[in-house]
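By written order: A, B, C and D. Residues from 1 in each chain.
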Amino acid sequence: MNKMIKVDFNSDLGESFGNYKIGLDSEILHQVTSANVACGFHAGDASIMAQTVQLALDKGVAIGAHPGFPDLQGFGRRKIEMNTSDITDIVAYQVGALSAFTPDHKLHHVKAHGALYNMAAKDRLIADAVITGIKLVDPQTIVYGLANSELIKAAQDANMKFAQEVFADRNYQSDGSLVPRSQPNAIISNPAEAAQRALEMVENKSVVSVTGEVVPLAVDSICVHGDNHSAVDLAIEIKKLLLDNQVTVTNKIC
Amino acid sequence: MNKMIKVDFNSDLGESFGNYKIGLDSEILHQVTSANVACGFHAGDASIMAQTVQLALDKGVAIGAHPGFPDLQGFGRRKIEMNTSDITDIVAYQVGALSAFTPDHKLHHVKAHGALYNMAAKDRLIADAVITGIKLVDPQTIVYGLANSELIKAAQDANMKFAQEVFADRNYQSDGSLVPRSQPNAIISNPAEAAQRALEMVENKSVVSVTGEVVPLAVDSICVHGDNHSAVDLAIEIKKLLLDNQVTVTNKIC
Amino acid sequence: MNKMIKVDFNSDLGESFGNYKIGLDSEILHQVTSANVACGFHAGDASIMAQTVQLALDKGVAIGAHPGFPDLQGFGRRKIEMNTSDITDIVAYQVGALSAFTPDHKLHHVKAHGALYNMAAKDRLIADAVITGIKLVDPQTIVYGLANSELIKAAQDANMKFAQEVFADRNYQSDGSLVPRSQPNAIISNPAEAAQRALEMVENKSVVSVTGEVVPLAVDSICVHGDNHSAVDLAIEIKKLLLDNQVTVTNKIC
Amino acid sequence: MNKMIKVDFNSDLGESFGNYKIGLDSEILHQVTSANVACGFHAGDASIMAQTVQLALDKGVAIGAHPGFPDLQGFGRRKIEMNTSDITDIVAYQVGALSAFTPDHKLHHVKAHGALYNMAAKDRLIADAVITGIKLVDPQTIVYGLANSELIKAAQDANMKFAQEVFADRNYQSDGSLVPRSQPNAIISNPAEAAQRALEMVENKSVVSVTGEVVPLAVDSICVHGDNHSAVDLAIEIKKLLLDNQVTVTNKIC
């Protein structure tokens, strides 16, 4: 019955910089179907980008750009009050830069990073600015964004393809937003529970919030992490449960 | 008779950065037929790039990328001992980034900047690294390089189109290289003399060196500057003399 | 009667960067009694700092540090959501770096720049973070801040010397804050009016707000600008009116 | 008999940056007597510097500055053709910045990093530029440099205190320089052999070069690394052999 259900697995990659290594890229590439490659602003550099694209190609993983704020020290996680025109320009710049390294200069998708991702999820003006930057480079690229977010609405209104993303190891609030990391119940730390949560989201197209409401969610892609061995193990566990339940894990989602 | 002779006029543009303004871009754009747009490493930023591309489009000036070393403080003029693989990657990155802002994501040409330009003119390995980076993004782009340089040879061997560039206001040595700026006779400061020099180079396909030898030179493009009003005036004077002598000034050189 | 009244004149200096020149430093140094020298984060670089310190010493102008956010492209004017511990560290770092270039490694004062200045004026936690960074390097340094701001209160509570700063060419709101630049009546563009305003603030220790209230203000220092010739002319006009009215313009304010 | 012999153990520390972690700082701090703390140009940032100074203070390890080229991506290992005046300024800037975080704003020593260290070892003009930058901040600081190098001569001629540094795990050439890493016999990979080499250098004030000559060497400090567990183990082994032979390991060397 689940054979008709398909979902993408995405992860952030290529976040090393120069002499600095971060993330188990080779390991997580075995699990995911699409890779969000850092573009030199919040992480990554031109050589890391070239190498990461090659690694993803070798594994048949779809390549997307992962543009962020120009803040290597803050890893793109600090809000910067940048005007929307500048946001459009830094998104286009980074997407263009990554495109240089892909065989046909096409990208499967674009997913904003960190503070830019969060700001675009909540602020429609910023969401529009991000979409404008992506569309400038390639109107056929899939926009990845938090399910139900302003970014998804902006992509829709701009006639862009989009993929709604969920997090298996995060609790949700009744309005569909994530419980902030500052709160004690933000994270689902039990891998089996997170995997079960992922399966339910994929099958039911909804999630039960921390306050008990059923929140409808489109689930096109699940975000997993490769920061450390626990994160990779969690990705493996989620994927196994999905496959065992005849869910198709694929990047062919649009 | 000269109607068959054509030459391109190029200038470096978009070298402002954030709040910092440099160069009389709007003025020099009236004179040149092709623009080398800084790509955010030695100068320029994403927003300056977007604006500069628009300015050039408005004037019908052909747009090229002007990649340099990642050294804003040194304006890309300081040699950095970077390995050739990294050079390829930073060239591709910058060319790709600028391509994001052009209508069809194509560039008319690529011209390396500053220390990278000089190193690629003399060192074949570096020249090859630059060419590899350009070709990765677009094998149809024209490579601009110092006439008779290693970069031109590398472009030729890689089956890339190329344009040989000369400087009207610089004296040449008998081997075809420029007299270094550290020497007193490096610069031709008299505008009329520089214009005459440009015309002779274009008509004769050669230049007389400071030691009196006739040095054969292909002359596809003349580099002019927009740093200040004297530079713009010199460009105007050179162009006028060429046009008065029925030389066609055009970017259609390949 | 006014002989007992004294006020300092301060201006931001050393905001050039590498090849990029900004500000009429040599001209404004003739007018001011204290200089806020950029420290390489929002503007300035190590060589500009060394040169600016020398210029100020030559003119007998007191030298202060002008630390800002690490955002050259945004010229330190964009808010960055940085945690308070990191703010303390970047302030100490920049103050220490500038101290390297002063004869006895002492600084007359420290004035935060741009977005950091504005945030520290309104947010007591950020104000405390800035003060902690300054005090770490030198507890004897004078803290410059917007009159009546949170930063002034934080300096007071930390037993630091402080100077309350006013702007002659800006209108004030009834709560003592500046009318935001986004509003049409933010700026007093008439030089004579601005000079008169400065004199009244210095003599009356108050300012009349745009809504007509008399707002008490301590006036230890007046901020003037050297961005362009009009700004320098305004500084000259303000200073002349103050001197004509027997106000002493001096950096000996604490 | 060896009780009169003393030597310092130094290591590079604080080379993490933002989210990027590098080096086993806590572990190597147990072994060394002096720490070279990165200053935010080739590695490190203001917060890492504050933390590293505190770690070193807790362990009673002497704190020195480790200034390098402004090249985070290249980790300060790429030569940059910077003029000597700018080198002086970036050295002073970094030394001043680190001084902000030490209790009395004093530093035990300064050791240049990477390409700057190597260039200052061979080129007297660069050596003088580095010394000028250090002396500007504190003429009492000890200059660390490669034994027999130009930097040591420059320190001597400038009446600065200095410490001559040796490497236990590197082979030497007959002129006292290190065998370049590009050659197969550059590194002594056997820990016991490296420890024995260290002891011989300390006791004999000389080293036997790869071509068999006895090269006289002053040995004030031995450089050890904390990059990984093998490096820390090597430091432990060297130190144990020295202590077993009554060599005093101390930072009180000048």
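Rule of thumb we're sticking to: contacts are C-beta pairs under 8 Å (C-beta built on N, C-alpha and C of every residue); 3 or more make two chains touch, one makes a residue touch a chain.
Bear in mind that the values here come from a model prediction, so they are computed numbers and not experimental data.
Asker: Between the options A-B, A-C or C-D, which interface matches B-D on more than half of its contact pairs by residue number?
Answerer: A-C
Asker: Using CA atom averages as chain centres, what separation in Å is found between chain C and chain D?
Answerer: That gives a centre separation of 40 Å.
Asker: How many angstrom lie between the centres of chain B and chain C, each centre taken as the mean Cα position?
Answerer: That gives a centre separation of 43 Å.
Asker: What parts of chain D, by residue number, touch at least two of the other chains?
Answerer: Expected reply: 45, 73-74.
Asker: Which of line, ring, star, complete and other names the graph you get from chains that touch?
Answerer: complete
Asker: So in the complex, which bits of chain D are touching chain C?
Answerer: Within the complex, chain D contacts chain C at residues 40, 45-47, 49-50, 85-86, 88-90, 92-101, 105, 136-137.
Asker: Any idea which chain D residues touch chain A in the complex?
Answerer: 17-20, 22, 43, 45, 72-75
Asker: Which residues of chain D touch chain B in their complex?
Answerer: Residues in contact with chain B: 70-71, 73-74, 78-82, 115.
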